[in-house]
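Please find the structures below.
Across the two complexes that follow, chain A remains constant while its partner is chain B and subsequently chain C.
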Partner chain A sequence: MDAPKANETPAGERSGHLLVRVGEQICAVPVGAVRRVVRALTVHPLPGARAELAGLAEFAGEPLPVLDLGRLIGAPIGPHPLFPVTVVVWSRTADGREAIGLAADEALEVVDLSAASWLPTAGFLVGEALVGDQVVRVLDPDQLGAG
Partner chain B sequence: MVPGSFLLFHRGGGLWGIDSGQVVRIGPGRSESAPGEAETEAGGGTLRVELAGGSAPAAGPVALAADRVEGVVAGLAVRPLSTALRTFWPEAGFGIALYSGRPVILLDPLHLPLPLVASGGPDA
Partner chain C sequence: MIEPNRRFPDRTATEPRLLPATSGAVALLAGAAAAGVLLLALGIGLGSGVPVWPLAVFLLVAAVALAILAGRKGLLARGAGSAAGAAREPVAAEQAAARAALRELRSGDLVTAAEARPHLVPRVRSAIATAAEGLASLAEQLREVNGEMASSADGVVRMTAELASSSSELSASVAEITAAMEELARTASGISERAIAQAELAARVERRGAVGEEALVEAVGGVGEVEARIAAIAERTDALGARSKEIYRVLDLIAEIAQETHVLSLNAAIEAAAAGPEGRRIAVVAEEVRRLASRSRDSVASVRALLDEFSASIRGTVVATEEGAKETRRVLGSAEQAAAAVAELRAVGAETSARARRISAATREQDGASDEVVATLRDVGYVVERTSAALSGLDTTQRRLERLVLGVELLAQGLRRDSPTSLVHLAEGWGARIVGETEVQRALDDLLVEAPYLDDAYMADAKGYALFLGSRRRPVDAQPAAGGGAKASPEPDRDLSARPWFRAVVARGRTVLTAPYVSVNGRTCFTVAVPAFGPNGELRSVFGVDVDVHNWTRIGAAS
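After this line comes the complex of A and B, so read on.
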């Protein structure tokens, strides 16, 4: 049996997730995948890119693709969102790992989530969970490079 | 093999690089808006960066549209395009680097992204 990946939470086990708000939606990102939360990075657009890719930025001396978290999860957002924070996450790849920026409204808090309580979904959104009375969409950064 | 130097240019809000050995001429291009920009930086005009594509007719268009040329630089630390970048930017690229703290995508002369290709011929 394969061991769970670092960004995965085995069913029944609770693990820390950073709650990130974008528009009216809240995402949960595994704490182990969070590299840094910073003020919004300067993003340079990339003509021809899919709408989810806000552009490229520089972070820690490296080029960083920055994804529009709102578009990524299909959250309704205003016409000119500011996205004052960038959540830099690690995404595991076949060759190792790479950093990805997520443009968002704010990082809220760290909560413990149990995978057993998630309603599983597909792709980089691996589930939906209830935190208080708020539905939280659980994101797996390892799946971001898989489209 | 990594080219020794790259011509860097601005287009559509991004910074791009092409093997400087492939560039045969830089001249005025047709007035056209860059993708994502209402006007280009040069008063609505563009530059046309012509590449040595004559020996590779299958390569298709051999001129790029530029808003402004940054210059020729050598010694860039070129990295491969990341998995996420290749997923969300479905174009071919030679690699990516930083120049003055700004990301620059280094283009593959044989697979130029369509949004960067100059349309038509030069103005002059």
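After this line comes the complex of A and C, so read on.
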């Protein structure tokens, strides 16, 4: 793969997003930022780390920080997931990119979302979109790093 | 019937001859001998201890009388030879006196015969007196023995009566027992019938019991089958449960594979997106794969749902079969109880049959015993019959004995003795007393009181007309007639001239004792009649008494 393209999509254009569920909430991650979706990795907790950091897992021979997506977006803890996943995303840093894992309850599908309804917000949540009758919150993985 | 006063040819002997005097003595001796033989025969026949010494006395008397007469002959011969002419007158007087005395002896008047007479040689008188004493003693002994015989006869009468009453009691008992035996036989046959009915009932119960037992055995067998089936079902259910678990695992595996596939499809889609337009074909494939995974997931879900349903129904089946097993065991318990009850019933039935058989056997035994009793009763009946026959024979013997007693008594009474047991002596005494009485009727009545064995007493004139009558039967004659009004008692016949005893008294001129006869009230009597003479020897009156034989032999014999 070449260097990733910009994750930001101009308004009006549709781009693919991976939908994941955490609790009752569904988040959308731009597919350009997704490296891989895997079965939930074993996470080793780091004492003294912030709450959103679930711990460290191993991925492709490298340590992978895994963030608890539920805590991250403030979704209440749902029923025990049947097939939890870890979404490994590229997050651009100052000097390149780093892989971060997002612990989610379920990986749903890849859909095209239009940026029209995105709400300009700060942080990693860049807006909300409507898929069917379901409101999804769009993530910007680049905002996840530097934590 | 022995009549002591029978007529003998009255010979007036001109010279002392042995024959007339001895003929009277011989007659007496013959009578005494007959009595003695009778006594012996009776004594031997009845086994009573008849003393033999009366016979010895009679032999002694006979010897004495013969000696006397032989001596007398010798004396007369000597007297006739030596002082024939000179002593002829006094000898004739002596002879006349001796003849008179011997006549009295011959007639049975021992009292008069032994009296002192003028011209009677003392030696002759003493000999005659001795003979009279001997005969009197003999008569007394006869009477005593007769009294004993009368008692024996009474004893026989009592014994006969007892035997007769025992016989009739026995007959009554036999009849009672026979009736009881018949009753028993009826009861026994009734019991036997009921026992047989019971046995039949028991047999039916037995058969029903057997049928019931078979049914129970079948039921038990059926229950056993059901239990086996339930066990088989439980096994299958377990097997199914195990399979279900396997299927669940397989489903889990498939679900996991589906999930993996799904994630794989997502990754493929992501890569396709990164590949730009060339990635579109991969994106399509990825999408197909995703759908496939999704369908797999759905299939797994529905299969799981089906399996859950299946498991639930299996669990339901297991519960149901367990309930069924419990119910079956309960039914089996009831069946076993019923089987036990049936077995008990059969046992009772068997016992009832055994009892019925025992009752039948006992009834048959009883029949046998009854037959024995009936046979014994028949034997008893024969004995009773023979006893009755013997009793009637005994009755005849008793009557003969009574006649014998009477005969011997009259024989003894034929001698007049100076004794209260000599009726002739008593009657002559009464006659002499009453002739001189002024109140003859009352004297007769007093006499009847004094001598309870007398039925009647009368005083008749020389023509036979009863001047005075005393009768023990008079109150009987005075009973009023049934018509109501008192009827005058029929006048007793006062003309006694035709009576045999009156005629005998007139003919013989001395006391007469009749033969026994049956009076109007059925009692056996005899009459003693005593003549009374005037100064010229003409018959003036006759005094008579009727003696009740039965009362005399018992009262008179005791005195």
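Observations on the model:
Criterion: the second predicted complex is superposed on the first by the 134 of 147 C-alpha atoms of A that agree within 3 Å, B and C clash if a C-alpha of one lies under 4 Å from a C-alpha of the other, contacts with A are read in each partner's own complex, and residues count from 1 in each chain.
What we mean here is this: a contact is a pair of C-beta atoms (placed from the backbone, for glycine too) under 8 Å apart; a residue touches a chain by one contact, two chains touch by 3 or more.
The structure presented is a predicted model; accordingly, all values stated were derived computationally and were not measured.
Aligning the two structures on chain A places chain B and chain C next to each other without any clash. In the superposed model, A:110 lies in contact with chain C only, and not with chain B. Within the superposed three-chain arrangement, the count of touched residues of chain A is higher for B, of the candidates chain B and chain C. Shared-chain residue A:14: touches no atom of chain B or chain C. Legend: residue contacts after superposition of the two complexes on their common chain; A:38 is shown touching chain C, with no touch to chain B. In the superposition on chain A, A:83 makes contact with chain C only, while chain B stays out of contact range.
This overlay, made by fitting chain A, leaves chain B and chain C with a least C-alpha separation of 23 Å. By the touch rule above, chain A contacts chain C in their complex via residues 1, 16, 18, 31-32, 34, 36-39, 82-83, 85, 107, 109-110. Interface of chain C with chain A (complex): residues 255-256, 259-260, 262-263, 266-267, 269-270, 273-274, 290.
Across the interface of their complex, chain B is touched by residues 44-50, 52-53, 55-58, 61-65, 67, 91, 93-94, 98, 100, 144-147 of chain A. For chain B in complex with chain A, the touching residues are 11-15, 34-36, 79, 82-91, 96-98, 101-103, 105, 113-116.
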